[in-house]
Structures are given as structure tokens and as C-alpha cells.
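Here is the structure we will look at.
Labels run A, B and C following the written order; every chain starts at residue 1.
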């Protein structure tokens, strides 16, 4: 090398302020606090999983074992409860019904929410603020308030006991939620993108589908996650608007309780099966979820 | 107070580095003297920010030592070193007022309030922040925020070095020079070592007494702005410093001539001997655009060239020409006679530098 | 990004949404308003009653008690879930496979149908077959949610904390993730303690998501229905009967159309009012305070 190394001169005593702490002590302290955090998190996770584990545990036992003695894990592992559900159409149709109306709701909601959220994030128009506020108030409406009017409304238009009825009813809270989340994501996309695309000769629909939607992919993913979540877990409206042909799984589960007692094993197995779609959905959006929960507003 | 020495320093972000490419910093020895104003200059990704974080203690180097006044501080976290750091994007505590922001480091050290106040007022005065002291820091402009984050380093009496990581990135151009002058003023007043990371050579040379140029994880030259310009120690320095950068020609010794492709170059006998004696095949000659003379007729020691374009830049013109299918730049002084397409170039002998394996070799040493 | 363009044609983009939401919100709400001021005795026999139903609802002591229970419930779960959620978010791993694994595990309770949540806890807390109920009994604690109102309350709160703390934790986690690394580095150089980092860096950056978290949690807890209905059925007695259950009983069970419609409207307005007051208070608090001293 061409440049000369300069001699390192031994300077005066290095004046540390906190020299009482040696590096080893500090490393210990950091390690300790890290382990404490992990321990606490582990404890929380275990406590959180415990009720779910208990459900799984019971679903793999026969009723006589459940009622007979306290066992922390199945002694005689059995899949009869699950087999019973999968071979009985009146049981598994409950899942099909639930998934059908959830899928319909997600499709309808995202289709109308995307353009509306775009309008709110890009334009001002007469009454926009009031409209947005009114939308949000729908999130605050207790479903119990709408039980009776919904029943009468859907009965009178002949939609009672159909999947579409539940899907439309869930739009009450899902559309405002979707617009709220999507608007946050869309506002974080610079407006210049739109303008450049229009200058490049894109029409609005072409720009929206080809350029804009791919840009807010993760926002859409997270929105779909929330839509699934709130439609899948809701039972009050779904139960009220259906009787037999579109009955959700949550309602069919009440059938396990009969005059001769409760069929605990089947109840537990059905419960476990309702958790699985959620796990799948969460797995697909796991990489967006951390960002998306802030709803584009941090 | 604090002389910062880097000894055999190397850093890799992976745990088991397999080759040189895995190292953000390759074997490095360097000394920053107390009270100096230094710049660390290099393109993005050359390891300058990594080096800065190692000095401040945010990163622990994977190899080698960091010494403060001869004491090894590798494991000391930043809070126990006497340094402050200003980041690329201003970091301020949103919910606090400017006053509380400046007082924050002092209060963290349990300084009594009666000593906090005069110190904060003094620093605010120097940085011209006094009228803003009671405003919420959140509502300041970018340059004011950056001054606040600088101020947090200045309030501490124990700070002996301030590290700047491209601090003017988000500042409006017209305010940049003002802030840079402020920095210079503070340096003269406080006798603090300042290390200023930037990729802008103008910023580096207006701020620093000495500049370290980094390239691929190494300091390739450490010198005054003038030295960097006149005697680039590495082809990268020649290329990176100056506008435009140095012209390079890959040459070989053939038929008792220094050949640039098919073109024999008129050079001094000494240089010819050095090229002939080189063991490596990676031999380059460098010449700054400032030291190329252009004329329309052939003269002694000149080579025929093809003019591509002439660009008038006010105080000088920038000439682009081709020699042996390679593009060269030359600076013509104002009022230079116009040149035709066919012309001749003369390289000032004393300014032609020889690089073997990319490093400068003093001509006529052996 | 605040330079929105005035364009009334944007209504066209909003229109499909508006039709759907109007169908699911406006028409039913009109029905409710209609019922709330009438007495419906038969298909052709209705009488205008004015504010009579509203008065009777406001004076109904059972509903007043349910309202107080509801308020206490919401306040208690907010007081537990918000700090707990922040705490969990702070200790969640930030990168690597552990981060994904913890994320998936933590969101799990949010994706379980609400009545199944009730079932899970009903099973879990039973003295004969539930792990928790059985364990408490073995420890000699007299725990029975069908007899003891205190036990029922504690269990419902525990269940809600189990069910919804993940939402708060996730909101805070994504808020924390958006803080640039430089803030933590600067704080270390400024010698800030862990508490100071939390107080002056993390908490201020969490304000936005915490407002969302408090609003969502307040709203949902105020509407809670399925979980306590399955777990305790509102009992023992009416000790865990919350507003939604009272309303459902009145509207579906007893078919008291007029009073339940009046009840619905009051219920809705209370939620709106509380949310609005909370939101405006927070927004006013965030504004810059007028400078004192200096210029």
C-alpha cells in the first residue's frame, strides 16, 4: 500500500464513566434479560395453547375415556370422532356452507371496496368525509341490533336460508373495514404513480388492474385476512339467517347436546376442524401480517 | 483525549465468511488523531457505514481491534464510549420539546438540572436553535431536526468524537452549505474529533482536513484533498476524485515501446523501464483531464486522436475524444482555439502516473 | 400525499359499495326506527307510541344492571389487554423463523369462531373433564362457574383476554416494526435506559395503533354475545348477561318488537358516542401545545 501507517501513540488513561461494569458482567446481564423475555413469551404461548390443546386432546378420545378419568393425553388414540364428521353429510355440509358464504363475502367485499377505497384515498368529492364517517359507524353497530330487521328483510326478498344472504349480511361490517384498511395502504402509494401511468396512456381500469393492484398486494392480502377472520368467526347473524340448507358449522355443533347428554368427542373434533382454515389463511399471509396489522397507519 | 486506532480490523456480516466477498471490511489499519476533521469517502456499499458503526460500538468487529487511546474497546457498547453519532435521517424524540431533546443525554446520566440548563442553552445558541427551544421537536424542518440530533452530541462534556453518517442527505441544497459551515465552526471551537461519512467528494473536501477514500472494504488512500487529486494512490481514487475522473490506459511493454493497444505512447525513459520491469500484466497509466493538451497539428510527444464532442461548461470546456477505441476526457481552458475532428493530444510527462495491480508505483524507484 | 383532487365523478367508484352497505345497513335501520315508535299488535294493527318505548327501556332496571355490567366488563378487559398486548409485542422475536412461528401461534385465537371459543372454555373449565376446572378442584379451590358469579366473571374475563389480547399484541408488534433501527442506535448513544427507550421512542410511535386497538376492543367487547352465551348462558342468574344477550332475548325470544327496537337504537348510539368522544379526545391531545416561555 502506498500510504504510510501512522504510529499509534499510547494515549492517556482512557476515561470511562461506567468502567465499574466489566464486559463479561454486561454480557451476562444482556443474556439474562434476553432469556427472561424468552421465558415470559414461552409461558404466554403455553398458556395460550393449553385450551386448544385440551380441545385436540378430547377430540382424539372416546366419550367413555373423556368422562371416565382425567388423562393429559389420549390413552386409546381414536379418530372415530373425525371419521364420524367426514362421513355424515349433515355434519360436513356445515363446513361447506360456512366456507361458501365466507368466500362469497370476501369476493363481493373486495370488489366493491377496492374502487371505493381508491376514491377516498385520491379524490375529494361532495360529502366524502361524512360518507367515510358513516361507513365507520357501521363497524360500531352491534349485530344483535340487526337480527330482527335482517330476518324480516331477507325473508321478504326470498333470500332466507341461502349462502348469499349471510354473505350480504356480513358486508355490513366487512365493507367498512376493508375500505378503512385499503385506504390506508393506498394513501401510502405516491400519487405520482397514477399520474405517470395516465401520461403513458393507460386508461383507468387498465391502470387500476395492471399497475395499482399489484402495488398494494400486501395490503389486499391483509385485508382478505381480516375479511375471512370476521366472516368466519361471526355466528349470530349467520345463525339467524339460515335454517337448514345454508346452516353454518357453528350452529350444527349445538346438535351434539341431546337429551342423553353431550357428545363431547364429536363437539371437540368439530371445534378443532373450525380452527384449521384459520391456520391455513394465517400461514399464507404470514409475511405481510406484521406490516399489515398497522393498517397502513403508523 | 481520544485517538481512535483500528488494528487489523475486518468485519463480515455472515458468521462463517468463505471468501473476500463476504467481508464488508477487509483487513484495515488506520489511526484517527484527536481533534482532526476527517471525511470517509466512498461509493455506497464500500463499507463506510459499517466502519462508522464499528467505531461507535453499534457493531462488534469480527476480527481485529478498535483502540481508544490504546485501550481495546471492541466489546464496549456505544453507551460506554465517549462518542456521539448523527444519522442519515434525523433522529429526534417526537414527543419532547427541543430543550428536552437536547437535555436528554444529560438527564440520562443523572446530571443535576442546574447544570443541564446552562449547557443546553449554550449548545442551542451555537446551533441557532434558541428561538425553537420550546417547540415540539416533531414540527421542525429537516435541517432543524438534524441540528437537534447534532446538539445531543455536543451537550455531553465527555464526547471526544462525533461521527456523521451522510448527515446532509435529507437537507435542502441551499441549506447544505450553511450546515456544513456550522459543522466546521463547531469543530474549531470544541476540539472534537469528527468523522464525516459521505459519497460526495465536494462535501468531503470542504469539510475535512484529511480524507480517507474507501473502496471494497478497504481504505485505499488517506490524505489531504490536494494529495488525493495530485497523487491518487489507487486507480479507484483517480477515477472517483476529480470531475471528471482520471483517464486510464491499460498498457504493455512490446517492441521496446510502451504500447496502448496498437498505439505506442511517448513516455519518459524511466517510465519505460518501470513498465518493462513490471512482473504483473495489470499495468495502467493514468492521466488527469487537466493535464492533457490538445492541438490541431502534430507536435513532439503527441498522439493522434479523434474528437467526439466538446461541451462548454462556462469556465472551461470538456472535451471527449477517442484513442485506440477508448473514450478519454480532457479539460480545455477558457478561450482555447477550436479543434477539428482530427487532433493531437499531449500527456504532460510529470503528471502521468503508473499503476501496477491498481496501486500507484513511484516512477523510477527501482 | 394530501393533495387530493376534487372530482365528483369519484362517486361512481363509491356507488357499488354504497348500494350494498345501504342494503345491509340503511334499510334494516329504518325498520328498527319504525318499530321503535310503534306498537305492533298484528299485521294491520299498529299504533304510534312516540317515545314510550324509549322511556320504558331507560327505566328498565334489568337493562340498567346489564348496562353497568357491560361498562365494567369493557373497562376491565381494556385495562388488562392493552398493557398485556404491548408487553407481548415488546418481547416477540423480530426476525427469523421464530418470528413467523410466534406470529402464527399468536393469531390463532383470533381465527376461531366465537361460539367455538365459548365451547373451548366451557370444556376447559368444567370440573369433571376440563383441565383448568379439574386442576383447580384438585388444588382444593371451590371453582364453579354455573353456581358462583365471581367464578363466572373471572372466567369470562380470562376467556376474553385469551381471545383478544393477540389483536392488541399484533397491532403493537407491527407498530414497533415500523420504527427505524437508527432510533434505537441513537438512544443507545444517548445512554437512554430501557424505560426511556420505551417511554420516548416506542410508546409515541405506538399511539396510532393503540388508538385503533382501544377503539376496536371497546367496540367488540361492548357487543360481545356468542362467547358468554355458550360459556355461561348469562348466568348464574343474570350475573353475566350483557347487553347483546338481553337484546337478543327481548327481540327473538319474547318478540317484543317495539321495546327491542328502542333498545337497539340506544345501544348503537352509546357505542357511537363513546367511540367519538374517545377519538376526538386523543386527536386533541396530539396537537402541539401552545409554546410557553420562548417565541
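Methods note: a residue touches a chain if its C-beta (ideal position, glycine included) is under 8 Å from a C-beta of that chain, and two chains touch if they have at least 3 such contacts.
By chain, with names taken from UniProt: B = ABC transporter domain-containing protein; C = ABC transmembrane type-1 domain-containing protein.
Given the structure is predicted, the values throughout are model-derived calculations rather than measurements.
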Pair joined by more contacting C-beta pairs (A-C or B-C): A-C
Centre-most chain [mean C-alpha coordinates]: A
Maximum centroid distance from chain A, chain identifier (CA atoms): B
Between chain B and chain A, distance of the C-alpha-averaged centres to the nearest whole Å: 50
Chain A-chain C separation of Cα centroids, rounded to whole Å: 16
Separation of mean Cα positions, chain C and chain B [Å, integer]: 56
Overlap residues in chain B, where contacts from two or more other chains coincide: 77, 79, 109
Per-residue multi-chain contacts in chain C, two or more chains: 205
Touch list for chain C against partner chain B, complex: 180, 182-183, 185-186, 188-193, 196, 200-201, 204-205, 288-289, 291-295
Chain C - residues contacting chain A, complex: 1, 3-11, 13-14, 16-18, 20-21, 23-25, 27-29, 31-32, 35, 87-88, 90-93, 99-100, 102-116, 119-121, 123-124, 128-132, 134, 162, 166, 170-171, 173-175, 177-178, 205, 208-209, 212, 219, 222-223, 225-226, 243-245, 247-248, 251-252, 257, 260-261, 264-265, 267-268, 271-272, 275
Of chain A, residues touching chain C in the complex: 37-38, 40-41, 44-45, 48-52, 54-55, 58, 66-67, 70, 72, 108, 111-113, 115-116, 118-126, 128, 131, 135, 137-150, 152-153, 168-169, 171-172, 175-176, 179, 187-188, 190-191, 228-229, 232-236, 240, 249-250, 253, 264, 267-268, 271, 274-275, 277-279, 281-283, 286-287, 289-295, 297-298
For the chain B and chain C complex, residues of the former touching the latter: 53, 56, 58, 77-79, 83-85, 87-89, 91, 93-96, 104-105, 108-109, 130-136, 138-139, 149, 152-153
